[in-house]
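As structure tokens, here come the structures.
Consider the two complexes below, in which chain A is the common component and chain B and chain C are the respective partners.
The block that comes next holds the complex of A and B.
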């Protein structure tokens, strides 16, 4: 039986991971992600881009909902704010893409103050409703403030380049999304191991106790809101780069629920969980679609016209089943498996 | 003036639907502490089932309502038994997430079974016109108002005078104590889901008669949140009145301020309400300062 390894120096305590095995696998994964565009076709690459954007969004939401325990059903609203900010700044105001993407994060973060400040007194369920209300108000504004947002006509952006990358090419867009997803992952991991991250968790686990220990609830709840929305806004901006033509119809309640499903299925409060969950939820309809091919042609055809419903059904079932069998999500399952093998044959 | 009165009347009609749904939110929240995000979907499912029954059997209206109530009880009990009961003992967060998952599941399932098209809900009461002074209402709208009034009285009486209603209030107040007093607390949760399914199911049927049996019926559930918050989530009667207020505000702002505000005014109202009085107009003030 392998003994557990012991942490003996401060440096090893402070490191993101003190385990060389983890580092080498992470390295291998990165190499794999970098060469991926040369191995797969256009469709698979567009799914990979969608996963990357979902990862950024899920990590953002996870900081708020998983780590700080503030349930948000407003993901669609923040994504919409980011997406429209980027697209409109580029299309109507002639901004270049780099500041427009940053502006998406900033706009979303500013809006989060608008929801965050009145919501400070609220907990759990009430907050879920306020954020949902916020999301409806945002989409309503986007639809009706036609002079600013083009209303129902949507926004089209074309021929972009970002720091020398030509975003018209799927491969180069993929590298941009990959880079931003990496930065977000590192940022989130680092936030979680500082005072701020621990304060977030304290607020989640017991707010009264956190207050007694000298954590300002107002400051940290707002900080969680702002950080999370900034990241989600960036994800929204990336959506503008991917879709090129954006319309308010994408930003439905289902999108918010899918984002929640990602972090629940992946594992609440864990960055790796958010990544796994995002990949899982994006791939779910794709896997179903390929499974449909094994069905008799008639059944497959009947089901394929309902692909949107099937997607909703699977998202909902994924949430319910995951909460029932493993509340810690995929990452919890992974940890259990690892513990089982480490402790074998004494594991239970 | 006529415009104002007509707007108020149509606001009251749609408000009575919101009110009924808000009552069903409040019943579940009060007794189990769970905010059921799937209420609108439960309502839609019941309305669809009752539509199928009504069109295939051509029942008289009263029989259809009775059948809808029976369907509602079955749906409520089944949903509670299959999805909620196994989660008892988990944190409220997990339970609420389950209802969100349930909402998406039921919504998709309904469209998969009945298809995406809207169908008129043919009911014998529809089509008549009732004039009260300058206000003109369709008979199905009057039915919605009457239904609201009846349900409000029944819900009030239920919680005040019946044994089960009292047991529910006792459970809401202190679960352990209620258990020690001989209340079967697990059955109470099932009852709460059944009662709330009946209330929202009737709202769904009434809404379907007014408009149509359509796959966006679930959205009325979300639009009733403001009513429940305004009235106080732990007060069924308050939530009912909250519905009327939200309905009237919606129609007045649509009529006087701008197009599309009907959809959104309720949500603006709850953000304001939550800032000023998070426990709502009729809810109990929780003393908790952090």
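The block that comes next holds the complex of A and C.
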């Protein structure tokens, strides 16, 4: 027998979630995020800002690597391009912050065409290496084109005001980052539930079938590059706002690897996963540091000298452990847990 | 009846191997047309030429009055040619609904910006797309599988989803490459019924590669027989089953 579907049903299918429980939790989380600056101290707030920026960057990378299947080790390059564009436009060209932030996205998106067009036929490891090379070229340029980029001296920006927010105040910067992270999340979720996002996934899962369905590989791979790097560039611009003083040393390969770790640990292809993964990877060294406090003073001191190496090690470890226990990442773990509790006690 | 698809001395060489050798035939509009032949005869290659995955080494392919042999693969859905693959080519991580929605890709208009905003026309066309997908789901009788990731389905059901995805492109010409191989007799009968219903409801022309002689002889209007890349016979099922060359080259060996 044919079932009858009313328009309302389709509308409901299209909703991001038709589950009232999900909406209540999302609401509670949002309220928590809004009141957070009033509950925590300056240091925790700076971590929260870092997480927010990482979330934007991870959502961007996830569109390219998780959703479209184009592996990028060039995240540091796109972040650097965005970060420097914003900082230099403000410092040297007297731009105000709003267009300077937008320009970060545009610059990074334009540069992505420079990597994307020549590497349309590359996949997997070859693309990863090409994007990494791109990242090296960007940092090299930043270091040596001193007349444009201040080279090894870095760029300092101060007294920023963004749409009336005073970015000198951690609290107000936090709200700007939160707003942009929310907009990015929503935009990514929207892209994924329309033809563009489905085309990205089709390119990832079966490129021949995608072409037969009318999807131009050239077009959609470039779309993925441009969309992803626009978002990553914005994250880079926000880094300029947070750091105030930027230097090319920030943008190492480790940064690109950490970004990949975020989306792998969180769950490739999932927006919620990118958010969880970003929070997890940013918090990882913080958690380690507090664990170090429990060690005898001498051991803690010896280890804290190597905090940078330990951080790299932990990132690697997190990826391996996650791939071992749950290939779908934190978001997969969460879904499993949810399934377990929905079925409880029958699932025991 | 007018021809919707015409091949004129089409050949495809891979190095020294002639996979398709000067093949010419015409498919009447609205026909159910079978291409048969032993393994390696060049049937899949022929489909790849028609769907512009390969360029012919020589010859012309005409669809609906337009030359298509130099077209780009992604244009074909827009022209009205849909297909399924001999080896499953589904998007296995996506659900049934998502797979079918990909089939509608070329009919939808949203761009990056309207997608990101999910507002106005972008939202309306998604609603319309859902409605269309539900029709196909009803047609193929897979209502209960809507939100299942396709990778988790049985082989026969995955093939059915792939058929649905091809239908979602609203093809005037549907190419089915060994749709029923690996299916049991009940699933095969379902597919035969879908093909007949399709033609009935939408006037879709179907060209199918099949090894299952039962379904071929039952529902085909005409049959082309390939052997070593060359067309050795073409005609109605009655003509083909009585053809001496076919019996020797193909049925005799089978």
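The definition used in the following text is that the second predicted complex is superposed on the first by the 337 of 348 C-alpha atoms of A that agree within 3 Å, B and C clash if a C-alpha of one lies under 4 Å from a C-alpha of the other, contacts with A are read in each partner's own complex, and residues count from 1 in each chain.
Just so it is clear, a residue touches a chain if its C-beta (ideal position, glycine included) is under 8 Å from a C-beta of that chain, and two chains touch if they have at least 3 such contacts.
The model shown is predicted, which means the values in this text are computed figures rather than measured ones.
Contacts of A:293 after superposition on the shared chain: neither chain B nor chain C is touched.
In the superposed model, A:202 lies in contact with chain C only, and not with chain B. Using the contact criterion defined above for the overlaid structures, shared-chain residue A:227 touches chain C, although it does not reach chain B.
Legend: residue contacts after superposition of the two complexes on their common chain; A:159 is shown touching neither chain B nor chain C.
The larger set of touched chain A residues comes from B, when the choice is between chain B and chain C.
Looking at the shared chain after the overlay, A:134 reaches chain B, while chain C stays out of its contact range. Judged by the touch definition given at the top, the superposed model places A:315 against chain B, while chain C stays out of reach.
Shared-chain residue A:211: touches chain B and chain C both. Judged by the touch definition given at the top, the superposed model places A:323 against chain B, while chain C stays out of reach. In the superposition on the C-alpha atoms of chain A, the part of chain A touched by chain B in one complex and by chain C in the other spans residues 208, 211, 217. By the touch criterion given at the top, residues 51, 53, 72-78, 82-83, 85, 89-94, 97-98, 101-106, 108, 110-112, 115-118, 122-123, 126-127, 130-131, 134, 138, 143, 165, 169 of chain C touch chain A in their complex. Per the touch definition, chain A reaches chain C in the complex via residues 2-3, 5, 7, 10-11, 13-14, 187, 190-191, 193-199, 201-202, 205-206, 208-217, 223, 226-227, 269. The touching residues of chain A, when paired with chain B in their complex, are 69, 71, 73, 115, 118-119, 121-122, 124-126, 128-130, 132-134, 136-137, 140, 143-144, 207-208, 211, 217, 253-254, 257, 260-261, 264, 306, 309-313, 315-320, 323-324, 327. Contact residues on chain B toward chain A in their complex (touch as defined above): 35, 37, 83, 86-87, 90, 92-94, 96-98, 100-109, 111-112, 222, 225-226, 229, 233, 258-260, 263-264, 267-268, 270-271, 274-275, 278, 290.
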